[in-house]
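Comments concern the structure below.
Lettered A, B and C in written order, each chain numbered from 1.
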């Protein structure tokens, strides 16, 4: 009886802790979002952090990422177009490939890329800041770490993910046109018709919101995970691990939710 | 106050690079939104076309209306009328509206594979253009709906075939007539009777042939007698001797006889020609009746045979004629 | 000078002066910023000064203490004097009502800190309102009588 009670208590405590962690995460995300739209946040110091974040997250990886995205998109589009042709469904090839590549693959690919690179870096940095007490030190000299360190990163991360997604998607659309029609401009009308069919207001909104949520998740979750780490150095790897796993699940959840929203 | 030294920053042109990235992103985002709006026809004046259908299954918002395979409009809205029909609102850009005339017809086609298609057909391009907000019937056609129709037609065709093969059908009567004709052909005078029209004419041909045969029989007799004569001449030449001087005369007589034989043969030829003429006629008339030629072929073979026999006879006579003899040669 | 007898007393003292800017081993510099940036960040953030102006202010303070050599170094490459100067200036530039220098013995283990502190504070005279040093009583003999 006693052990059963203990077991239940443990389960309840675990669930509660889990819920609290997610609750803190959501609170933190909401606060970051609110601060994003607070003009007072933008001063000389935070602006430079935003710029640096965008530089590290988007500009540095831009050539490599665009090359990779172009290669992947082109291969996927070619596969879809060839397969569709084999089944005599080539009129649907462009639509299907645009849906697969532009609406789904590239946003997900972008956020995974940024998560692996900048997400992990942010998570580590915040965890170390937290463990070293640098956050308290900033507070003590009158610099709000939330406004100086975290919100700018969230803003920079979201902008970076959005920019990378947009650039790679436009590149993919151009490649899709070339893959289907070749290098000529007579079929712009047909292409426009397919684009009009794919980019309905709902699809457009879903893509934008998804991209924005990806951008938020890719910074908010690692920061929060870094802050939650107990202030002991050996907890740094654990904090990164937890943050990255949580980030992965959140990204997948957003993706599945967006799919459900568009196709159900 | 002392100035902080200007030092190469950690990141060169940070502001410029990020500004460039943000500006590019912003411009591309706006351009893309504008392009999508353009593609969706936001900047194009359109006119309405309302199609009434019994069933709008397979019709979806955004579906194109095609004319000659080119999309010229889009389904914008679907609703039900009070009497349960479906109203399909289609927006047609004004520059494409010229393909639609008052006489245009609209069909909804559903293939076995792929989505449905709304197609417009304008047969008479000289008719006045379709006005804005026009209402038209949508004719539905469906590959799977066609199957029962096709089956019904196949059944009708099978029924016809059955009627044709029935005992009292017209085809059977025609076949009975054919049967009569072939029966006549199988009669005494064969195809000749069938093609020449009656037994009398056929008989004449046959009689001519009979006469030719009789003549040949007589010629055979002649050759036999000639043989006998020759045998006797041999006896006389080699037996008692000295008859060689009479040979010239006898030869002259034989020549005369032979010319008479030739006359007879010419007559036979004439008969044969007549027979052949008849055969030619028969051939012309019954070009496609193969059976008819077999009788005539036999006839010709017989005639050829007769001529060959006569030729043979003459050759033999010529061969056995090295001697001048007094021979009596009588023709029948 | 504030003389302490044990760590509890120290903690109570820090608690009682919440408006004070603390210079302490427990409050490190921001690791990914240079000394100059660590100091300049305060006016940059609090007064929204452009980085150049804030950096000039920070540079001027460093120059007063003759420590401009370390301006572009980051925390791990600093010696204890440089690190202490950076922390002190970060507090000074904030212009708080009180600056608390917490246990200078561990902040400046390699120098005879009482005279060093006295001279540094003298140089910075006028840049701060009030400065108190928290130290344990057993270190009192190190401080030369005034």
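Quick note on the criterion: a residue touches a chain if its C-beta (ideal position, glycine included) is under 8 Å from a C-beta of that chain, and two chains touch if they have at least 3 such contacts.
The structure presented is a predicted model; accordingly, all values stated were derived computationally and were not measured.
Overall, the chain located most centrally, as judged by its C-alpha mean against the mean of all protein C-alpha atoms, is A. The most distant chain from chain B is C, comparing centres defined as mean Cα coordinates.
Between chain B and chain C the centroid-to-centroid distance comes to 110 Å (mean Cα coordinates, whole Å).
A straight line joining the Cα centres of chain A and chain C is 41 Å long. Work out the mean CA point of chain A and of chain B, and you get 71 Å between them. Across the assembly, chain C contributes no residue that touches 2 or more other chains. Across the complex, chain C is touched by residues 1-5, 7 of chain B. Interface residues of chain A, counted against chain C in their complex, comprise 43-46, 48, 125, 128-129, 132-134, 136-138, 140-144, 147-148. Of all residues in chain B, only 11, 14-15, 17-18, 21-22, 24-25, 28-29, 32-33, 35-36, 38-41, 62, 64, 71, 74, 113-114 touch chain A in the complex they form. Contact residues of chain C toward chain B in the complex are 36, 52, 55-60, 63, 71-72. Chain C makes touch with chain A in their complex at residues 21-22, 26-32, 41-42, 44-46, 48-51, 54, 90-91, 94, 96.
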